[in-house]
């Protein structure tokens, strides 16, 4: 049995790897399902197919939260329970029609998700896992204990089938068709989300929250969106379940629902959408075979545990399903790309960034002390200094990832001290990071598209109805391609960002930052890890960028680059500015030499 | 009513000590590796199960059966580390992967236990077969004394281990700075295996202590793990003494919830405390260790 | 005579980034060799690579035998001891416990332990008063002394130090350098990694200059005529 499961698992992973056109896949799934439908007479297999379809809906939603947005939730069964029980109680006990009952249930789910989401989504890692687990368990306990409404362990039976008014779907096959259709729609919607601006924002958050914020994405807001969307799917699955089966009890929404869902997610390739529909049918069938009356629960869950476990060890690759963006441009005539030029022309002498006595203490340690600095609106300015001088702390303060203990930061005329990074990005200040923060699960092209987030609009509605955003997406596409061309990454457009060689990763990060049309670009050690040739190309790129009107402020250790491109340099040591001026001036400054080499008096042999 | 409350608090303290031991088990592994071992509860369950089987099926006297259970579970903990945790740890897998792996291990252990031992609850006899002591209006069973005393002893031994033995200090070093520890020649991966073994032993000990007062069954692993986790969080994750305090806090609150709100609210009370602390004070009552 | 430490064609990676490229170097018995270069040149990576803390290719031979790859414990057992960048002391643990752990590989021999312990305290008398104190509460200089003392507890055959002067006041740096010089004069080979060149050049017989992951030059400190030459190297 386990070997059969492994074979299916391998097939599934191949499926997931190919990605492909989602609409086509949904059609194939539908076709396959319909074929099976014709062949199946009813009875046990029918039930299995129905449950498989319902789980598909549940898992598709969970994938949006866990796969796309990279979060974790052990508690989505709670949402299924809320909507499921709402449907059950309202229809069976109070005689409501299924549709209004389900609508109310789903509304309840969204409300719960909103309320629970606020505090929960601020947590990370183990804490988030535990909190969501607790929520799932609380839902289970409430279902058990609130006997007056839920009938506890006894459950509620006699739940009417789905339907509107006199038109109810009573036949098994009818129910199956309906479920498959809804599941297919759900998968299509999820696919649409993935390809949209909304989906890109989700996957960006999974890749790097900091980089997403630096590009203007309100991470908290988007996490909540992903949570609520996935909760909706879970609730839908719950309501459909109770109507399809006609009975509900707390056991339905217990921990095993989570384990099974995760198994499906994992084998199907978390983050992709392709592998799942087909696999869920197969996988659930396998499991349910074990669950037939007579078969032992123990085996089934051992199998689920085994699979989770096997996949853990043998297939880390399943985490990365490749999901290339369908190439819109190839199908239509591309509008000639324009190099994004910064809305420009202020007087070059005015400064775009001004630091006023910025001080930062960490307990007793003084990281920055009375740092005052002005960055002109045009050209390239560099900050240099030995290790531990406080340069990255300074960048963090400028870009909003940290606040100064004293002092102010002015961007243009505005005081941006203490403003959140995403809002600073909105004002035109974009930064890169010392350790490259790419969105690993997005392609190179998609990474750059995320950079356009601030200059585009659209959320769930445009994700579901792509036609609303067709022109915008085309514009984003061409702008992104232009930037790839400028940085020499055109050939890599459709490969995953994580697969790029290191030097190109750095270039991609810069291209992505440029997509946000910044007035000031902060680069944190852009030459780190680059060889001489790459550094040279970087220097040329930086000069190009500066020439097109974007001011650049960079931290660097590579003196050849700094002396080559920077027009002004400020030198930091022990948190203080010890010198500033042109490269030539700084080079001769004895304080600077001392800072790097130690005291000049130190006798040499 | 006051009597009822006092009695509830007493029983809450006893179960709280057990929660504390489980929580300390979480801390030991977390401190050594940054992993939260979701299979911790399985060892608690197995402790009682193995001891019960040794006693009932093989006629091994109770003290020996208990020790046997602890030793076997310690070994199982090391096996878990080698087979499940190590391959993933070497590959520097994400947090979520580790959580799911240990959760999967928990499921496997649970279901295997079900297959081997059936679904009937098992129990152990009270350690001391005597009527409870009466302190004022309180009835203190001997098992209560065993539990509290045993927990205190276990914690004292653990503290001694970490403060006075070379291996204990080496484990602490690994928790503080893994690379620096390796540079001193400390075998970091072996320390991790030891952490798992120790943790499992603590869990099994907790299981043996508590089984006489309540049955043990294949599906009690997860509830125990959650209680232990709550204890650890409430006490400040990573602080063993905090876990004990957290466990007692949880036990008492739970007991009071049963008295005032009814037994239905036992779990909900516990889980609500967890959520409360996660949302408001994730560093716990005493603040986090690191 | 064959060098004590021989490194041939050593390359190392952080993920996909090549941080060291084909490094060749050697250290003779009793030598103090400096490794210099600007930040990001790969000096720390070189130390970590020698000890097996990062994946490597190439050859490292110590006292004639190949040093096991990717196995810091074995490297330490061979007698290669590194005082890492940032000192790597166990902050919450006491000074005494830190020293004790330095001798982790010494099994059971009380007399030998006492001998090493006394030797360290004789070298750094300031640590004696601080034995029961939590090492995280020591001053920067004392922490550095503790880190070196802990390394000495392992009775190293060669001592590697990664930027011991980082964050320390000049007077303290002087003191530490003096002690290192003393250790070297008594026969312990030392590899000293430093950003601030003149400090290391005072003690070193030879120095390697690193840049962008490889050895750019090997210099004899006595031939470095002026500060300017070095400044050129650093500031371009």
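Descriptive notes on the structure:
The letters A, B and C name the chains in turn, as written, and every chain counts its residues from 1.
As a convention for this text, contacts are C-beta pairs under 8 Å (C-beta built on N, C-alpha and C of every residue); 3 or more make two chains touch, one makes a residue touch a chain.
No experiment lies behind these values; they were computed from the predicted model shown.
For chain pairs A-C and A-B, the one joined by more C-beta pairs in contact is A-B.
Look at the CA centroids: the one farthest from the centroid of subunit A belongs to C.
Taking each chain's centre as the average of its CA atoms, subunit A and subunit C sit 42 Å apart. For the pair subunit A and subunit B, the distance between C-alpha centroids works out to 36 Å. Taken together, the subunit C residues at the contact with subunit B in this complex read 51, 53, 72-73, 76-77, 81-82, 84, 88-93, 97, 100-102, 104-105, 150, 154. On the subunit A side of its complex with subunit B, the touching residues are 66, 72, 119-120, 122-123, 125-127, 129-131, 133-135, 137-138, 141-142, 145, 255, 259, 262, 266, 296-299, 301-302, 304-306, 308-309, 312-313, 316. Every residue of subunit B that touches subunit A in the complex is listed here, in rising order: 36, 84, 87-88, 91, 93, 95-97, 99-101, 103-105, 107-108, 110-112, 114-115, 222, 226, 229, 233, 264-265, 267-268, 271-272, 274-275, 278-279, 282. Only residues 386-388, 501-502, 525, 528-529, 531-532, 557-560, 562-563, 587, 592-593, 596-600, 602-605 of subunit A touch subunit C when the two sit together in their complex.
Note for the complex: subunit B touches subunit C at residues 166, 169-170, 172-173, 176-177, 179-188.
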